[in-house]
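See the structures that follow.
In the two complexes that follow, chain A is the common piece, with chain B as its partner first and chain C second.
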Partner chain A sequence: MIEFNKVSYSYDKNRGNAVDELSLFIEQNEWIALIGHNGSGKSTVAKLMNGLLLPTEGNVSVSGLPLSEDTYWDIRKKVGMVFQNPENQFVGTTVMDDVAFGLENLGFPREEMVKRVASALKEVDMYAFKDQAPNRLSGGQKQRVAIAGILAIMPEVIIFDEASTMLDPNGKKELLETIKGLRKIKKMTIVYITHDLSEAAYADRIIVMNEGKQWMSGKPREVFQYRDELSEIGLEIPLISSIYSGMNKHGVKLEKEPLHMKELVDQLWKLSSKM
Partner chain B sequence: MNQSFIIGQYVPKESPVHALDARTKLIIVFFYVLVTFSAETLSSYLILFLFAACGAIVSRVHPLFIVKGLRPIWFIIILTFILHLFIQRQGEVLFTVFGYAIYDQAVIQAAIISSRLFLLILMTTLLTLTTTPISITDAVETLLKPLKSLKLPIHELALMMSISLRFIPTLIEETDKISKAQASRGIDFQTGRWRDRLKAIFALLIPLFISAFKRAEDLAMAMEARGYRGDYGRTKFRELKFTSLDLIVFLLFIIIVIGFFYFNG
Partner chain C sequence: MEIVFENVDFTYQPNSPFSHQALKNISLRIKHGDYAAFIGHTGSGKSTLLQHLNGILRPTSGTVRIGDFELTTKKNNAIKSLRRKVGVVFQYPEHQLFEETVERDILFGPKNFGMDMEEAKHKLPVILEEVGLPTDVLQRSPFELSGGQMRRVAIAGVLITDPNVLILDEPTAGLDPRGRKQIMSLIDSLHKKKRMTIILVTHHMEDVLRHANQAFVLSEGELVMQGEPVEVFQEEERLQDIGLGIPEELQLINQLQQALGLPITYHHQSPSELGKDIAQALHAGGNR
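On to the complex of A and B.
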């Protein structure tokens, strides 16, 4: 779906590459979590995926289409992006207007827009708010509207560029639940950028970035085993994983490493059960 | 922050005036203003006043809102009236105030000029009370469309207007937050000499500007990511619709204008 072939990008020639000879491959319908501390190059990778930046060296291609100055408008139709600040990506004066913004840009006829805006808003469960002004919405709701604006265009990939960073715990949960819900009803590739490992646990695969390079890639369970190494590059291990390793150290063996609170609780109450 | 904050003076109501297409209202207000400037006789003023009054009544907006809309302008209307009263020196002397002669022509002129001002403001207030800012923006964009062939950035202007409208509440909230943050650091906005207060305002304005620029940058990035490339190949979601109501109001207005010129001599 998305392929990076020895991609480098530098904002400033004197300061070295933000992304350094990065090669990676993302499958269709895969949910990828891209993690790394601040300045590891993860946001740059996101911007290279939809042509907001063009690589200084190497090639990027999205579903077979190579990214270049001639193709980035087409690539942006395939790759939608939700940004960090919910307030600063809300263009329209009402929820409906904002969802329609992308469709307007691509020149859809009005009847088609009306249909798509309604169905996209229903998919993120924000249809009841369609006439609201943005200042009446919470951060989580604004991010859901941003997702609807992208769904309306029907892209193949959605990138979440630290989309949960500015949300409160409820908003974070709301965002992840919305993504999980969407994955149940439609096929789409998701690139979820975060520095929160507990959110990354929901992904099919985690790619860890460090200093512009891919540092590790694997299933969440595999990646979380490298606790000490991860905290060395500035990533904090999720609480669940810390509990697991602490219990392990003290000789309490669980069946397998839990990823979420529910998995941990389920294993704990079965632990001493003889049935 | 007041949650019921509304931009502009728009008063939502279900009335024929609200239901009119924003373009109709804009065009009528434009020609009304033109016609008002050529009014000379009492009966022509009466016709114009009747039209505006009917509009105000049909709009079902509470008269208090209209009075409130006129408030900043009362002073100017009264001032013009008084100035004209004293400056005009034609016709018969009507009476004298503190030894200063007031002429009858002056009274008539003063009345004419101030009622002109009054009618203009009444009509435009009625427009903003019954039309959302965003539909006014849309109407301006469609009405000015012909100017695009002269390479004037009409679409960009309209987009700037609508984005400003969208960000007004955001920036007000931000101002509120910054002024509280600065006040908690000991900055005094309320008291002191005017020079100190001016300095205090800078402590509010600078962070506000920095954050507004940051927002603009983020917004530009988000718009580009969603495929915004100016006016190129763009369609519109919000639509303005002429109905038979617009036609009726246009006809009515034309009759009023004809009547006006008939009585205007």
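On to the complex of A and C.
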């Protein structure tokens, strides 16, 4: 779906590369978590994925289409992006207008627009709010509306660029549940950028960035094994993984490394009933 | 400086169709040297309450006392001196940096308060050390710095006026785990070494548990719970009712007590120590 071949990008020649000879491949319908500390290059990677930036060196392609000055407009239709601050993304006076904005820009006929807006809002469970003013919504609801705005354009990939950062814990949960729900009803590739590894745990695969390079790639369980190494590059494994590693050192071995509290408690329950 | 709220009400746009009561009969006391945390939803009244602490807002009725200073419904001209004593680091403070150099940004407060500028400049190296920034950042533009560094600059700009109380509204929002840890331990050291009263507003319940000694829970303008964080978090259901959670480690401990009957308690142990406690409790249970 998305391919990077030795991609470099530099904002300023004197400062070295923000993304440095990066090669990676994201499959269709994969949910990728792209993680790394602030300044590791992950947001630059996101901007290279939807043509907001063009590589200084190397090639990017999205579903077979190579990114260039001639194609970035087409690529942006394929790759939608949800940003950090939901406030900055609103232009309409009602939720419905707002979701329609992108379609209007692309010159869709009205009938088609109405249909798409309604179905996108239903997909993120915000249809009931269609006539409300976006500024009266909670942070999590605002991000859901922002997602609907992107769904309406029907992209193949949605990038969430630290989209949970400004949300409270309930809002974060709401966002992750919305993505989980979407993946059940339709095929789409998700790139979820975060520095919170407990959120990254929801993904099929984690790509860890450091100093503009891919530092590691693997399933969440595999990546979380590298607790000390991750901490050296400024990341922290989820609390449950830390607790489990303490248990593990003191002789408790579970069948699979728990990613969430429920996985830990369920397995402990099984284990203790055998003791 | 002790902070006392006595029956404080605050209503936005009173006597108008848009009137909205944001604080309802708040009474509380924060002792000198406390590390107090305020938790509550967006819209629970947290920001309104904070804005009373340095006189941005005055109560509609009731009294706020901050040291010798009394804030009532009446205007008080000594408000500037209060603002020097109660420093506020707002949310995303880096959005408020605007000067050309870090030095000028940090010195903006002293200039604004009419402090002796030579003296303030003299203090710069000490303040920088306190917030963990090298002195060579002074001549750089604040916008060249990382998110965590910009936040330190904002904190330095507040510390240089020598406040007794430091209020921080979501100081770690948007920082990566390392940046977050560093800012939290910076606040800890200001609390311990400088004996400052710390008032923290946060969504991170883990930070409340690990760092604060008093927690205040606001909901719909009312102060609904207060006490030591461990005590407050014991009431998981009540917090859930108002849409708040408890720290993950306490959730786990509760579940293990209920589902497995493991006798584990929270005593400020680290996650891996908690893992060890669980392992030991499991082994002890198995040998019964």
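Heads up, the rule we're going with is that the second predicted complex is superposed on the first by the 274 of 275 C-alpha atoms of A that agree within 3 Å, B and C clash if a C-alpha of one lies under 4 Å from a C-alpha of the other, contacts with A are read in each partner's own complex, and residues count from 1 in each chain.
Here, contacts are C-beta pairs under 8 Å (C-beta built on N, C-alpha and C of every residue); 3 or more make two chains touch, one makes a residue touch a chain.
Predicted model only: the values in this text are computed from it and were never measured.
Asker: What is the contact status of A:N14 with respect to chain B (first) and chain C (second): first, second, both, or neither?
Answerer: Neither partner.
Asker: Which partner does A:A100 contact after superposing on A: first (chain B), second (chain C), both, neither?
Answerer: The first partner, chain B, only.
Asker: I'd like to know which partner A:G149 touches here: chain B for first, chain C for second, both or neither.
Answerer: Touch partner of A:G149: chain B, not chain C.
Asker: Chain A residues touched by both chain B and chain C?
Answerer: Shared contact residues on chain A: none.
Asker: Give the list of chain C residues in touch with chain A in this complex.
Answerer: For this pair, the touching residues of chain C are 41-42, 146-148, 173-179, 181, 203, 205-206, 243, 245, 248-249, 251-252, 255-256, 259-260, 270-276, 278-280, 282-283, 285-286.
Asker: For the complex, give me every residue of chain A touching chain C.
Answerer: Residue list for chain A touching chain C: 37-39, 84, 138-139, 162, 165-166, 168-170, 195-196, 234-236, 239-240, 242-252, 261, 264-265, 268-269, 271-272, 275.
Asker: Please give the residue numbers of chain B that touch chain A in the complex, ascending.
Answerer: 3, 5, 134, 162-163, 165-166, 169-170, 173, 214-215, 218-219, 221-229, 233-239
Asker: Along chain A, where are the residues that touch chain B in the complex?
Answerer: 50, 52, 73, 76-77, 80-81, 83, 85, 87-93, 96-97, 100-110, 113-114, 117, 133-136, 149-150, 153
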